[in-house]
Each structure stands twice: as C-alpha cells, then as structure tokens.
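Okay, so subunit A shows up in both of these, paired with subunit B first and subunit C after.
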Partner chain A sequence: MKIYGLELLRGLGITMGRFIATYTVGFKRTFVNRNRGSFRQSASEKGVFTVQYPEERLKPPERFRVLPVLIYDGKKGDTRTQQAERCTSCGICAKVCPPQCIWIVQAKDAAGKAIPKAAEFSIDTDVCMNCGFCAEFCPFDAIKMDHDFELSNGERHQSHIFDINKLHVSTEYYAETHPIAWAEEQARKKADAERKAAAAAAAAAAAKKAAETPPQ
Partner chain B sequence: MMPDLTWLMTVIRLLIPAIIILAVAPVGMMYLTWLERKVIARIQGRVGPNRVGPYGLLQPLADGVKMLTKEDLIPRGADVLCHFLAPILIVVPALFLFTVLPIGPTLVAAPLTTGLLFFVAVGSVGTLAIFAAGWGSRNKFALLGATRSAAQLAAYEVPLVLSLAVIPLMTGSLNMTEIVQAQQAKWFVFTPWGLTGFILILITGLAEVNRTPFDLPEAESEIIGGFHTEYSGMKFALFYMAEFLGTLALGMLASVLFLGGWHGPFLPGPVWLLLKTFSIIFFAIWVRGTWPRFRVDHLMEFAWKVLLPLALSNLLGAAFCALKGGWIGNIVATALPISVFLLTTQLWLKPRPRPTTAWIETNSQSN
Partner chain C sequence: MSEILFRPTEDQILEQEVRRHVAVTTWDKLISMLDPVYNWGRSNSVWPLQFGLACCAIEMICTAASRFDIARFGAELFRASPRQADLMIVSGTVTKKMVPMIVRLYNQMPEPKYLISMGACASAGGPFKEGYNVVSGIDKFLPVDVYIPGCPPTPQALLNGLITLQEKIHGQKISTARWYSEGPGQEVPVPLLGPDLIDTRRNQEIKEICALPEPAKPAVLPSYITAPKLTPTEAEGASAAAVALAARLNKAVGDGSVTLSGSALLVTPASLQAVASYLKLQPDLKLNYLTNLTCVDYQDCFEVVYHLQSLPGTGAPLALKVRADKTDPRVPTVMGIWPGADFQEREVFDMFGVRFEGHPNLKRILMWDGFHGYPLRKDYLEAYYEAPGKIFPSRWKEGHHQRAEEKARFGDNLKYPNGFDPALFQPAKESFAAGTPAVADGIRTDDLVINLGPQHPSTHGVFRMKIRVDGERILALEPVMGYMHRNHEKIGERNNYLMIFPYTDRLDYICSMGNNFGYALAVEKLLNVKPTERAEYIRVIMAELTRIVSHFWAVGFLLNDLGAFFTPALYAIEERELILDLFEMASGSRMMCNYFRFGGVAADLPAEFLPMAKALVNDRIPKAIELMDNYLAKNEILLNRCRGVGVLPKDAAIAYSAAGPVLRASGVSYDLRKADPYSIYDRFDFDVPTAQEGDVYARYRVRIAEMWESLKILRKALAEIPAGEIQAGKKLWNIRVPAGESYGRVENPKGELGYYIVSDGTDHPYRYHVRAPSFINLTALEKMCKGHLVADVVAILGSIDIVLGETDR
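Right after this comes the complex of A and B.
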C-alpha cells in the first residue's frame, strides 16, 4: 500500500527550508562573518547564490588572463621612465604573437643609435586573443597578462589600440594581482643573483690564485 | 424646502465601496506580483527584483509603465471583438468577487444574503473570457489553452462547490457575514469536516485561478502562453491582473469561510483578515515554487477520481455531524474522508503498465 501525497509534502518542506536558509545565511553574512573571500562559490553553500556584480566582485583566479601589460619596476602611479622599464624591445613577443597584434618601435639616443628600450609599444586589443604567449616567452619578465576585464567601450578605432602609456603597470600592481607568480619570480631572481655572486666570487678567487702563483 | 436627496445618498453609498475596491484591488495585485517574484527567488536561492527602489518595491510601477508603453498587437484574421472584449470580461468578474467578501463586521460592499452563491457563480465567468481570448486570437496555442481551461473548470468546479457546500449545511446561511459570525467560538478549520473542506478549497482554488500545479491553460513551456499568447501590453497585463485578483479573492474566501474571517485576538479585524489571506497566498506561491505541473490526463484523473469522492464524503461526514453532533459525529467526519482518500487512491491512481508503442515494437524488431 502506498500513501499518496507524502512526497509532495516532503517537497514543500525542502523548498521551505531553502526559503528560510536564505534569510538565516543572509543574516550571518551581513552581521557575523563579513567579507569572506570566495563566498557563494562552493557546492555546499546555502542561501542566496547571486553575486550582485557591479557592487560585489569575486576575485578572479590568479591565472585568469586578459590582455598583456608592460611591467616597470616601481610603485603605482610612478611616471614612466626608461630606466625603470623592463622591456628591451627585443621583439620576441611580437614574433611569437599568433594573431600578430604587437607593434614595437625601438628607442634611439640623441646620436641616433639604437638603445635597448621601447619608444613605442602598441597592442591592438581587438586582435589580441589573450593566449599569453608573449608573457610566456618574454626573457625579461617585462610583459604579463592582466586581470582587468571591464574593457567595453563606445568607440573602437582609436581607444582599442593600447599604446605604451596605457599598457604600463607597476610591479606593485602586478604583485597585488598575481601574488604567487610574483613570489616565484622574486625567488628565481634571488637564486639567480646568488648563483651569479657565487660564480663571480669563484672567478675572483681563481683570478687571485692565478695572480698569486707566478707563471712558470 | 429641501430637495429630496435620498437618491444621492444611495448612489454615494454604492460608489464609495466600488471606488475603494477599484483602487485597492489593482494596487494589491501589483504588490502580489512583487511578493511572488521575491518569494520564488528566495526559494530558488536568488535575490529577486531589487533594482527599482528599496527591496525592489517600485518594480510593479516600472512594470506598469512598461506594459502601458508596449505596442498593442492584434493578429491578422483574429476575431477583433472577441479579442478586444476578453481582457475586460476577465477582469470585471474578478473585481466583482470582492464585493461580497466581508472585511469587518460591517465592512462589506454588498451584504448579499446569497453571497457564497454569488461568489461561485461570478468566479466561474472568467473561463468564458478565457475561451473568448483563445477563440478570438486565431492561434492554435491560444485555442488549446482555452479548451484546457474549459475542461479544467468543468472538472474542478464540482469538488470546489461540494467542499463549499458544507458551510451552508453547518451555518444555515449563504451570507458571508453570518458565516464569519458563526465562527466566533471556533474557526471551521478546527473541525474535522472544516479541515477537509479547507484542504479541498486550497487545491481546487489553485485550479480555479489557473495557478501551478494547475496552470495548464497558460503552460508557457508547453503552449507558449496558452490563451494569452497573442496578447501584449496592457491587455496582457489585464489577464495577469485577473489571475492575481482571483488568487487574492480566493485567499480571502478561504479565510472568511474556514479561518474565521476577521476574528482574532489583539489586532483589529481587517488586519487579521489580511494576515490570513496573505498566508494562504504565500502557500500558493510556495506551491508554485515546489510542485511541477500536472499532465492533462492526470489533472482530470485527480479531479474525478480523488477530489470528487473526497468532497462527497466530506459533505456526507458534515451532514452526519450536523445530524448527530458530539464525538461520534467528529469521528465519522474524520474517518470518512480519510478512508475514501486511501480507497480511491489505491483503487484508481495505481501506475498502469505503459503500453508498448508502435515505435518501440518496430525498433525492437529491427534490432
């Protein structure tokens, strides 16, 4: 014998539980544990799932990539100088770029001699496909992928070609958006510097030894 | 000598309730749409409208502006008169329903001695308008929705009226005010026959106003919008309004007949009635957020095989209660509907073996 209607009542119970949970969980979110990082993302999460986008934002994952940026050493808001700039205008990024959207002009000094800096560096953002090859191949850690995805625009012929001033971001900004990659880069550079210092010390010691022992 | 102004007094006495109903009912309906969207959203883990005004409270006004500025389309080859009249014909009876519902001991627009009968009679006129809409639209989906609506009404009106019939049986009156006064000591929902009647009126009432799980006439996932497929702008809004007014009227009817109307401690009567009405409406929204829609044949089976015997047995139990009274009557009035429900569901709702279709036969032969 089967009693009809019980499952219907059970369904009503489930939805009422859901309904009440939105209020209890919402109360907790507002008053108890505020500012949780990746909230409303796990499968076991109860309550309202909606992220009210322009007011609330979820932090994108670190490997998320939108459009390359050029890195310079310094703080946010520093004016661009050729000393702080990491790019040497070697052109590897422009060569590996699959849709060929990078355009570089090398800087020249007063005498007209080429120097390893970029005078102009432009990316056509309509053509860029966010593959990240340029950042992958850059030998100087000068070009990296960004997180800023809010790029919509009313005009596309001028404003969608990003020039060097628009592409420049500081290492401080990069360290904030990409903490893991930034720490890895720092560790690698430190190891490189230590190895170089050790090699230089060894070379100096060898030279000293060579100088001390007179040639026979 | 003063002119005789009694006719003016009569007109004013009739006009004031009419104006109040015309003003309050559409506003109430607008905020019912807001409530429904909010509750459904919460059930589904969303936020619901929250952009227009605080908590989205001005959303109904924005919707109203949208509806008013939309283009009014009449399909080519449509029956123009039918198509035009249907939205009017559906709203007017829905507004009439409020005239007989007593909000307080003296607050009733038309204290008819046959109020309950009036309610049932006027409440079923809406289907005529739905059929006019379906016919006048010259659209197959609209006609399908209209015929579904007519079939549904024929099926569900019977148990609805039978479950309402216990009220005059016990109170000896069709006047709504007298029915509420009879519940001074004890609400009818706390009697065995009243509880069954209340459950029946909730279920059949949902069918009566075409709400989930009985929204087959306007099933948007099957027949696009049913009878209002071809309506746009304010005409569509009128259909929507009629549905929500029907829900509101039905909630009020159920609370007047079974939940003691304006009776309740501490708060004034009209507040109590509104609280009861809104808890019934909340139940309707809750059901919409939970249960899936019926299939057409299941809908008919449910009405004729389960609800009709249940309503009849409830009527019989109530009659026994009225005759005998006391604990014997209560036991009979409890046992009768329960046993009938168990019996009919076991006998007639058994899942039948699915007939093998021609497609399966040919498919299995080819394999």
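Right after this comes the complex of A and C.
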C-alpha cells in the first residue's frame, strides 16, 4: 500500500531545514563575518543574503552601467572649463545610440567657425536604454557609464533631460568608480606618449643625420 | 496707570490660566498631531498590485525575492486584486493595447493610491518610444508619484523609488488629503482602441486636427528594393540539390509551378498547397515541420517565406517562397498541411495585410482589430517617424533637444485617418463563437466565457486567454496577445545592425545572452566573419548559464502557477542571482547584457569571472538542482497536478511547430545544438534529454535534465577556455552588410530562436524578423488545454514557459 503524503513531508522538511539555516548561517554572517556597507557575496557562502539596502548595498562591478556621464579632466568640485572637457562633439555617441537619445550642438568660436567642443549636450534619460554603446565607441574616453542608480524623483519633464552641466563628472570621480579602466587608460596614454616621443626623437635624429651627411 | 485701567477681568485671567496649564488647540492642529502616526503606518504597509508589464517586472519580482526582500519595507504583500492594493508599479512598456486595462485597474484601486513609474518605458516610452503601439509615458493617463529612471532599474533602484514614495507619504496631511476632502474620487476615462488609441478627453481636439488637410509627407521615405531575381540553373547561383528538387516538383505538381530564387523554391500561389503537401508527404523529403513563416515587402510583391524542416532530422532548413500581388495580396493558407502556420499567418496578415485564403480565423493578432494600417509595410510611417534609417540627422551638430511629441501631428504618438471623429467611434464587440445551450439532467445549461488576463498573476506577463467552459471543462480556448507588442521588427528595420543588439536583449528578457547569440550568428553569416576561439567559448559559457537561469525560472514559476506561491520560486531564483552577478561583472548589466558583437564579444571576462563561475558550476548549481528536484519531483500534489495534464502527442508537437523543451518532452529528439550545430557545440559531449509523455510533468523533467546537460558543457568549457583575442577583426560601430538574406538560429532555453534578415547592402536591415519560440509554442495551447479543467490552464501555460517580450515582440 502506498502511503500518501510522505513526499509532501519531505518537501516540508526541506523548507524547515532552510528556515533553520537562515538562523545558523545568518548568525555567522551577522556576528562573525560582519561586512556592512558595500559588498558582493562569494559563491562559497551558503544561500543568498539579503542586502540591507539602503544601509548596505551591492558593490557595483566596475562595468555596471546605468546612465552615461561626460568626463572632464580635474578633481571633484573643480570649476569645469571648456578646456578640461574631453568631449570633442565628434558625434559618434549620438550616431551609435540605438534609441537616439543623445543630442549634441557643436560649439562655435567668435567667428562662427565650428570648434571641437560641445555647446549643448543633452541625454533624454527616459529614452536611454543603458546599453553602453556610447561609452564603448567613444574615441576620446569622454563619455562613460555611471554607477549611480539612486535617481528616483517625482517629476520627469524638466529633470529627466540631463544637460551638459548635469552630465559632467571629473576624472577623479571616474577613477574611483572605474579603477581598472582608468589604470588601463593611463597606461595606454603613457605608452602612446612614449611612442610619440620615441618617434619624434627618431625623426629628429634622422633629420640631423640627413643634415650632417652632405648631399651626394 | 494703564495697569489699573486695563486690569484683566476674572474671566480673562481664568482663560490665561487654562491656556497655560491645559493643552488647548485647534481641531486642525490636533489632527496634524496624528499625521506622523498615520503616515508612519501607511508608508510602512504599502501593498503593491501584483501587476507586471515587461522586463522591469522581472526586476520587481527579484526585489520581492530573498536578496533584496521588499518585505523589509512592509511592501511584500503583492495583491492580485486592485481593490486590495495601495500602489501600482507600472513596470515596463505601456502599449496602446494594454493601456485601457491599466487605467481600469487604477480606477478600481481605492484611495489612497500611489503609482510608481518604473523604468524608462513606463515614464516616456523608453527605447521603444518610436514604436507605433507604445504610449509615450503612463503619465499621459494616470498621475505618477515617483519616477525611477533606468532600463531596467535594478532591484536596489526600485527600493530607492519605494523609499522616495515613503518620504512623499510622510509629507501628507490628514487635513488636506484628497481622499478625505474631495468626495468620491474622479475616475480616469478608459481610453478606447479605434484606428489608434483614443483618449476620450481629447476628442474635440483630435477631431479638429483630423479635419485639417493632411500634412506633407516627410522629406525622406523608406526606399524599396525589388524581390531577388530568379536563378533557375546552377550557373546562376542555385544549389544542385535545389535545382533537382525544383525539377522534381515541376514534374509532380505541374510545369512552371516552381522556380528558384537563390536556393529557395519559389512557388506560384495557385500551386502552393499542392507543393506543400507533396513536400510533407513524400517519404524521402518528409518536410513535416514548419519552422518559420514570415513576409517581406518588396517593391514589386509581397514575398511570404516558409522555412521547412524534416523532424527528427538534421541540417539547415529549406526555404520556400510565394510571391503575392501588391494591390490585393492573397496566398492560400498552409494550415491544413502545417497547423503551426496558424499564428504566424495571422501575424503576417496583421503586419502586412496579406490575406491567407482558407485560414479559419484570420484576424489581427498583435494589434487589435480595427487598427489603421499594416505597420510592417515599408510605406507605413509611424507618428514619430523621422528618417528611414538611424542615424537621425537631427541629433548631431545642431542637435537641440526636442521631444518627439513636439513634432508629431497630434502632439503624441497617435495617427488617425483624415476626417476621423473620435466622438462618433463605436468600439467593436469582441467575437467569440457563441456556445450552444445544452440540457443535462433536465437542467438547461449554457457555456460560459471566461477571460483570463491580461492582468492575471499566472499568465507570465500580459497574456490573455478567452476560454469557453462547460462547468469547469474547457471547450475552447483562444489566446489573445499583443499587449506587449513593442514593434521590435519595425524599430529593427530602422536600426543599424549594431543597434539591434540591445533590442534583442529585450525580447526574451530572461535569456538576453541567448538572444544576442542568435542575432550575432545571423549577421555573421552575411558578413562571413568567424569569431575568435576565446569568444566562441565565452559565448557558449554565457548561453549555457542563460539556459540554467531560464530553466530555474521556468520551474519556479510553474510551481507558482500551481499554487505553491513563491517558496519554490524563491529557491529557484537564488542561484539565478549569483549567475546574474557573473553577467553583470562581464557585461555591465544583470538582465540587458548587450554582450555579443559581430565576430566576438563586447569585453573580455574580468579576472574574477572564471573562479566564481567554476565555483558555481562545480558546487552550487548542482546542489541547487538536486535540492529543487528533491523538493519537487515526487511531491504528490505536483504529480497529481502535472501528470497526464496538457498532453501534446508527438505528431501534434511536430505539426504545431512546437520547439524546445515542449517538443522534446513529446518525444522528439531535436535540439539545434546537435541537429544544426552552430558555434563550437560540436566539440562538447552532451545528451538531448527527451520524455515520451508530452505532459506538464514531462516538460518539467526535460528542463531539469537539460540543466544537468548544460552543466556538463559548462564544466568542459570553463576548463578549456583558451587565452587570446575576443574580437575577430576591427569592431565597427556602423557596419555595412553585404546584400543577401540569412536565417540564423540558436537553441534558446525556450526553443528555436531564429532571426531572418534580408540585407540590401546598407547599414540597416531591409527586413528583420524574429522567429520567437514563446510565440509559436502557444499555437498548440488550445489543443493542450481542451477537455481539462480551468485550473489546469495555468499549469499548462506555465509548462510552455513563455516570456511576453518574445511572444509579442
């Protein structure tokens, strides 16, 4: 005769086991491996821990992307000058944007000639799909994906169109959120500069040599 | 002196004393002392409506699960009835077809009620804003309390939005609360579905604009290409096999009925059915499986394309084409030969206006009956139409920001025929074959029509079923979809090839990596690019992790549907969170990975990826699958609810074009990773699990078994992944694709995901079609449900495992 309900009890046993584990594992985590603030769970920890947002939050991985930001060279809180802005208004980000949410007006000098700076730069955050193409394809490291996700508010018509002032962050801020990419960028720029210097030195040496050897 | 003159009377002294020693205040002040308690109580027991629209809803579910645990805010009681809910979280794209239901639900919520607009789509249409079926923001109809930007907002962002809402509640006063002061709440008028969405509050204005002469057409219209030329001989480009088959068909069916275009058979409409049944019935051909059916709008004709397969078998599908006249396109239906053509033919009718003669129920499927125009025709221009292809010139150099609404004729994403008067519009009655009254035991009984969805906790999104029942037995069932039709294909035909990647993420939003994969394959075929070795391994690892994620999700939510509310689902999506961590560290996003590129992947794996992935694959995931199976597999309730329910016999599964676990659970061993191997799957040793019963339980077993097989592949891939480049050639942002057509497909967790692309040599596809397994698997739903109880319908639907982003596209 088959007894009904044994498997049901087994299922309930599993639930019970997990209920008890929330205390045994949770106790250890709370009092032994205390890590409040920002963290990521490792695969070796049992179960899945509740992130006590807003007291603590998941540490965003470096590539985490929410909305794009523009970068200027400088420290946080510096007065941003057009000189320090990295954007050259080349327009690649606006062109590669899948929902076409980036709008750029190229800056002009006093004579009305276009200069490689942006006069206006707007992103419609209610159209943006956070895909990261703009940052991926920017040739000047001028637009990057920010980590800030705490953006909720009660109004969208004015506040959700980010303009050039709202979009800009400093390289110092960017270096903090994206340490690996920042180090890579610095290394790449250094290597480029060295290569350029070496090429310049070689060219100078060649020119000197050419000047020294009399024409035949 | 004055002191004596103005000495207070005794009364006044008394009053002063009372004021000094006894608390006396005004009524308003007294009430306002209650405000903090009142608001504290309300803000910590906000009950959201159990209501999800699109991708954002998945993040909303994760917010309710263990890792983020919305219960900490007293908001865990997701109520299935609007009458018990305080908060509506509009989580995802609001489509025109869905907005009447949303307004109705909101009207049914009692005051005080709040509304959170979650994600870019809900706030303003988001990336789908330009689509013809998308509402540019829920605030056009309902008052919004909190907006959460993001696409999709992460669970933490949703919690942040909830905190913002709680702060707003804390600022409210009993004395000025609108639900105490204003009498009965004003209902928002429910919009109507006419030639386009009709907001009845704007009737007069719309009538006036419609009376004006039609504005001039935009300067640049989409251009046509002509249908591919005929290639009757091998010398002109057809394959030898195709030439031989065409000759054989001409002999069998009648001379001149079949020619060749490329290697595809081009059949005359008159001989289509004869050719189709010949192909199906000849024992050596046995093309019994209609994989994909779609249509292309050329300058000179509509070309309907059929992709055929012989099951169980291997190899690439055979393409069959029929050309229909431009002015009155008609093609005979093939439903008699392949019943799986049902929904696909309806979709072609809906999008192109091609009439399939003999189809028993030819009406719109994604849009509503009465919608004006055939949206996928090249001459259909949406209200927000700007240019035939992206890049839009208005964005750069002189790109002053301007909302699409400001340029549109009706100031919104709307398009009415000229002379239209919304006040005179009468909505059409929905049709459903009337039941016949019967007499049982001397009592006259009647059939009852029940409506399940689109707002229902067990429909996995905004899916609707019209069910006719006799008592509790199902007599007929008609799926109604399109409530999340986000115009993926129309937008795709305007996007350049790269831009489509992030849109594919949003098809089956549980499996974005798999969607990327199929699309990359389809375009790589045309580009003739081969990804690097490391990239191939990364792709396989991501695709198999996705399969595990999706099957965990499917199993967990099948149990949800069966009534085991949320506990199994919670266990099932625990491991998912950690796999999403892997996706997030590699691609930058939990759900919308956008990780594949033509010839490679977007970025190399970060240093911590492989150790974490190995730990998960070798230790945690096997334990979790085992636990899940121990927990459920033999459970008596589960067995009773699932065994023998929703049986789809083997022949029917093939005939109805079922795919993926649904097909394999009916005893057909067909998995594209083996049958038409792509990427590097031929190097891995794995089995294709099948089951013979074809019921809900068999589908459950197949999914669990497939997870074990995925683990086999993952172990080998993670151990063997070579170092090296991740991108073949240079990564280009605006790639031109050689003219031609291709059909690329992958075995996604839900079944065969195919992309049919016609390129005209420019930077955006001329035709872009997605063969969505979630959509086509539903064709057999009625067959599976007939004769079962109403309660079984949700179980059967759960076992098919649909995702509405893909069903409706």
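Following the convention adopted for this analysis, the second predicted complex is superposed on the first by the 169 of 216 C-alpha atoms of A that agree within 3 Å, B and C clash if a C-alpha of one lies under 4 Å from a C-alpha of the other, contacts with A are read in each partner's own complex, and residues count from 1 in each chain.
Assume a contact is a pair of C-beta atoms (placed from the backbone, for glycine too) under 8 Å apart; a residue touches a chain by one contact, two chains touch by 3 or more.
Treat the numbers as computed from the prediction; the structure is a model and nothing was measured.
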Next on the checklist: Going by the contact rule set out at the top, does A:Lys209 touch subunit B (first), subunit C (second), both, or neither?
Outcome noted: neither
Checklist entry - With the two structures laid over each other on chain A, which partner does A:Glu7 touch: subunit B (first), subunit C (second), both, or neither? => result second
Next on the checklist: By the touch definition at the top of the document, which applies to A:Pro98: first (subunit B), second (subunit C), both, or neither?
Outcome noted: second
Next on the checklist: Contact-wise, after the overlay, does A:Phe49 reach subunit B, subunit C, both or neither (first, second, both, neither)?
Outcome noted: both
Checklist entry - Touching A:Thr125, do we find subunit B (first), subunit C (second), both, or neither? => result second
Checklist entry - Given the touch rule stated above, what does A:Phe19 touch, subunit B (first), subunit C (second), both, or neither? => result first
Checklist entry - subunit B or subunit C: which reaches more residues on subunit A? => result C
Checklist entry - Who does A:Lys113 touch here: subunit B (first), subunit C (second), both, or neither? => result neither
Checklist entry - Taking the contacts subunit A makes with subunit B in one complex and with subunit C in the other, which residues are shared? => result 4, 8, 11, 14-15, 18, 47-50, 52
Item to check | List of subunit A residues in touch with subunit C within their complex | outcome: 4-5, 7-8, 10-11, 14-15, 18, 40-44, 47-54, 57-58, 61-67, 89, 91-92, 94-100, 102-106, 114, 120, 122, 124-133, 136-137, 145, 149-156, 160-161, 180
Next on the checklist: Quick check: in the complex, which residue numbers of subunit B touch subunit A?
Outcome noted: 39, 42-47, 286-287, 289-291, 342, 345-346, 349
Next on the checklist: With touch defined as at the start, can you tell me which subunit C residues reach subunit A in the complex?
Outcome noted: 66-69, 72, 117, 120, 123-130, 137, 139, 144-151, 153-154, 156-157, 159-161, 163-164, 168, 390-392, 394-403, 495, 498-503, 506, 567, 571, 574, 577-578, 581, 584-589, 592, 594, 602-603, 606, 612, 615-616, 619-620, 627, 630-632, 634-637, 733-734
Checklist entry - In the complex of these two chains, what residues of subunit A are touching subunit B? => result 1-4, 8, 11-12, 14-16, 18-19, 22-23, 47-50, 52
